[in-house]
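In the two complexes that follow, subunit A is the common piece, with subunit B as its partner first and subunit C second.
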Partner chain A sequence: MLGQIAYALPFLAQGFALTLWVSLLVVVLSLVAGVILGVGLVYGPAPIRWAVRIFSDTIRGIPILVLIFFVYYGLPAVGVHLQSFWAAVLALTLFKTAQVVEYLRGAVASIPKGQSEAAMAIGLTFRQRLAYVIFPQAFRRFLPPWINGVTDAVKGSALVSLLGITDLMQAINQVIGRTYEAMPLYILGALIYFAVNYALSYASRRLERRFAFIRD
Partner chain B sequence: MGYTLNFNLIWRHFDKLWGGLLLSLELAVISIAIGIVIGLVLAVWYVSAGRVVRGIIAAYVEFIRNVPLILLVYLVFYGLPTVVDLVYSAQTSFVATLALYSGAYLVEVFRSGLEAVPRGQLDAGKAIGLTPWQRLIHVRLPTMMRITLPALSNTFISLFKDTSVASVISVPELTYGAQWINFNTFRIVEVYLVVTAMYLMTGYILLFALRLVERWYRTAR
Partner chain C sequence: MATSSNNSTALLDIAEVSKSFGSVSVLRSVSLTVAKGEVVTVIGPSGSGKTTLLRCVNFLESYDSGSIRIDGKEVGYRDAGTRQRRSERDLAAMRAETGMVFQGFNLFPHLTAAGNIMLGLTKVRGKSSAEARSIAEHWLGRVGLGHKADSLPAELSGGQQQRVGIARAVAMEPKILLLDEITSALDPELVGEVLAVVRSLAEDGMTMVMVTHEMAFARDASSRIVFMADGGVSAVGPPREVLAAETTNERLRTFLARFRASHF
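Entry: the complex of A and B
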């Protein structure tokens, strides 16, 4: 049994690398998209605010699995052909973007109104207010939940196995298909996911403590 | 982009979706009910236990929370029967998995609620001569409920959405129904639009109902 698993390790490592690659892409892309949409939600004119609100509430209201199938099977139906890898990344990114939007909104809302009024009173422009007053403070509120949410991206990436993409989850299933050693391999997989995510949530807790001096 | 929406085939097979939604709700309700029991018992135990028990409970919570649900579903359905002599259906297997999964999330919710109960309330309970058990039932748990309800509502909605993972072991819930229609009729965009609306509406109805409970709990003291 151990010999078979040892033999499969390089294959599992490839799957694990893909899991990390998908997660990294999703985290980076959703951070960019989420911050842009989040600023639109907080400071944008009404139509943009409504559009972002509807986007975020719809995406967060459905299971991520439904979103993955919708994007994967739906896009080719309307004539958009993406590789399954990119369809999966797109679906996961949409989901994560909606979360980032909410983290950003929450972080900005937690900054007392007086800060922005004081900045206005000393004559800072809108951009200066954001860059020098609001964002540096909101950033500390944004960071811990966001890092915690990175674990969701890693966990969510396991669903791309359903599209036939050989991530860690799919690699484990394929090795089981050949060796019939279901339990040891699932436990090994669980431990790998656990190690990555536990490290991330540990980092998030450390940061939260580091920023605990900020009060409401 | 020449795609014409045609919902006829969706309505013809709508029983798959409606039945699926009812099964999703059933899976969620049973799993959450078991999860609440696990969560309450372990949370109450945790706050009064020694280091060893705390460590074990924390290990359970951290393990479940850091592993993808789909892997746990596979592990219980495909993995566990190879090492223990048990026979169970996919549905039972999923309920057991989601119950353990929701239990881990609910321990966290209840634990932080219990720790937020003001010390003075417990002292007051002690002062009027309540036994530890009475203090738990009449003072700690009701106060904890009021504190945790908003977080609890969010956890419930998110667990309801997690029932979609049951489709990977062919439990015919809503997402499975959607895939069935997807593969058999190819009305792909239509079916996922309808299913999106069904999940959203159910989610909002649940949220509304839970908000009513929250309000009722706030006023009825």
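Entry: the complex of A and C
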């Protein structure tokens, strides 16, 4: 049994690498898109605020699996054909982006109005106020839910196996298909996911302490 | 007309400024000029528009009509007639010419005392951080906090925080300093240290407009006192005139009587 699993390890490692790659893409892309849209939601003119609000509420109201199938099987109907890998990344990124928008809105809304006013009063421009006054303070409140979201993204990336992409989950299923050793392999898979997410949570707690400059 | 826009020595010229929040009229054609080096104190019952007026001067609030000029330059709008708002960059540059100290201090909690003062100096005035640091240290020394340069706001008392707030504003070398009830959030025993700083700035010739409830301080430190009621200027003049008990101004007499009853 162990021999068979050891034999499959390089294959599982490839799957794990793909899981990390999908997760990384989704986390980075959703962070960039979510922060931009989130700033639009908080500070933008009414049409932008409405558009972001509708986007976020819609996406968050759809199960992520439906979103993945919609992008992969649905979009070709309107002429958009994506490889399964990019369809999965797009769907997961849309989902995560909507969450990042909400984390950002919440974090920024928690900063008292007087902070913006004090920053305005010394002559900082809008961008400078965000960069030097608002974001550094909002970061501390943004971090915990966002790290939670990152661990969700790592776990949620297992759904891409449903599009036939050989991520860690799919690799495990394939090895089980050959070896019929379901229990040890699923335990191994669970341990790997757990190890990644535990490392993230640990890093998050360290970061939170480092940025704990405001006493609540 | 009470405006004196022909007064060439006016540093701040507020002319017929009106503003409403929805159907509530908070400023009714307010006019006021402040000369260089003057200390003008605005008093009045709450809801009279004092703070709103102050916040219009650095355009933290917009106003519906009228004009506010600093050194002859229209503050919030490219032109008082067209009422076209200045660009973000322009507004920031205009605001850098006025300093403001807030009732709630509003120090940046993630920056040290020196860091609070240096932010505007480096990002707005373009000074090197070494130069900004030495300016920050100079002003912290002036407000008696030379030893607190590297303390975070949370490590300072209210009075100390407010003195950093003042240092942050004056370090930018503003043409005019706006003080919005800066001692109202302080414990009584901390008020004196903050007012002492304001007094020393006045002696240095800093032009100031302040909203305060500290009547004794207003009487001693002001060149002129403005009494506002219902969004308008109800009385203006030297402290002894405005605060005189035998004033014929009904609103002012009621305000002063109520004030004396509750504070003495």
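Going forward, the second predicted complex is superposed on the first by the 212 of 216 C-alpha atoms of A that agree within 3 Å, B and C clash if a C-alpha of one lies under 4 Å from a C-alpha of the other, contacts with A are read in each partner's own complex, and residues count from 1 in each chain.
Assume contacts are C-beta pairs under 8 Å (C-beta built on N, C-alpha and C of every residue); 3 or more make two chains touch, one makes a residue touch a chain.
The shown structure was predicted, so the numbers you read here are calculated from the model rather than taken from an experiment.
Peer 1: Under the superposition described at the top, does placing subunit B and subunit C together on subunit A give a clash or a fit?
Peer 2: Subunit B/subunit C on subunit A - fit side by side.
Peer 1: Give the label of whichever partner, subunit B or subunit C, reaches more residues of subunit A.
Peer 2: B
Peer 1: Once the shared chain is lined up, is A:T58 touching subunit B (first), subunit C (second), both, or neither of them?
Peer 2: In the superposed model, A:T58 contacts subunit B only, not subunit C.
Peer 1: Considering only the touch criterion stated at the top, classify A:L9 as touching first (subunit B), second (subunit C), both, or neither.
Peer 2: Neither: A:L9 stays clear of subunit B and subunit C.
Peer 1: Which of the two partners, first being subunit B and second being subunit C, lies in contact with A:F126: first, second, both, or neither?
Peer 2: second
Peer 1: Answer with first, second, both or neither: which of subunit B and subunit C does A:Q137 touch in the superposed model?
Peer 2: A:Q137 contacts subunit C only, not subunit B.
Peer 1: Determine, under the contact definition given at the top, whether A:A109 touches first (subunit B), second (subunit C), both, or neither.
Peer 2: Touch partners of A:A109: none, neither subunit B nor subunit C.
Peer 1: Examine A:V32 and indicate which partner it touches, taking first as subunit B and second as subunit C; both and neither are also allowed.
Peer 2: It touches nothing on subunit B or subunit C.
Peer 1: Just to confirm the value: shortest Cα separation between subunit B and subunit C in the superposed three-chain model, in whole Å.
Peer 2: Least C-alpha distance after superposition: 25 Å.
Peer 1: List the residues on subunit A that touch subunit C in their complex, please.
Peer 2: Contacts found on subunit A: 112, 114-115, 117-126, 128, 132-133, 136-137, 213-215.
Peer 1: Contact residues on subunit C for subunit A in the complex?
Peer 2: Residues 58, 60, 88-89, 92-93, 95-100, 102, 104, 106-110, 119-120, 123-124, 152, 154, 168-169, 172 of subunit C touch subunit A in their complex.
Peer 1: Show which residues of subunit B lie in contact with subunit A when the two form their complex.
Peer 2: Answer in residue numbers: 1-3, 62-63, 65-72, 74-75, 78-80, 82-83, 161-165, 167-168, 175, 178-179, 182, 186, 188-189, 192, 195-196, 199-200, 203-204.
Peer 1: Help me check something: in the complex, which residues belonging to subunit A touch subunit B?
Peer 2: Against subunit B, the touching part of subunit A is residues 58, 61-66, 69-70, 73-74, 77-79, 151, 154-159, 161-162, 169, 172-173, 176, 180, 182-183, 185-187, 189-190, 193-194, 197-198, 201.
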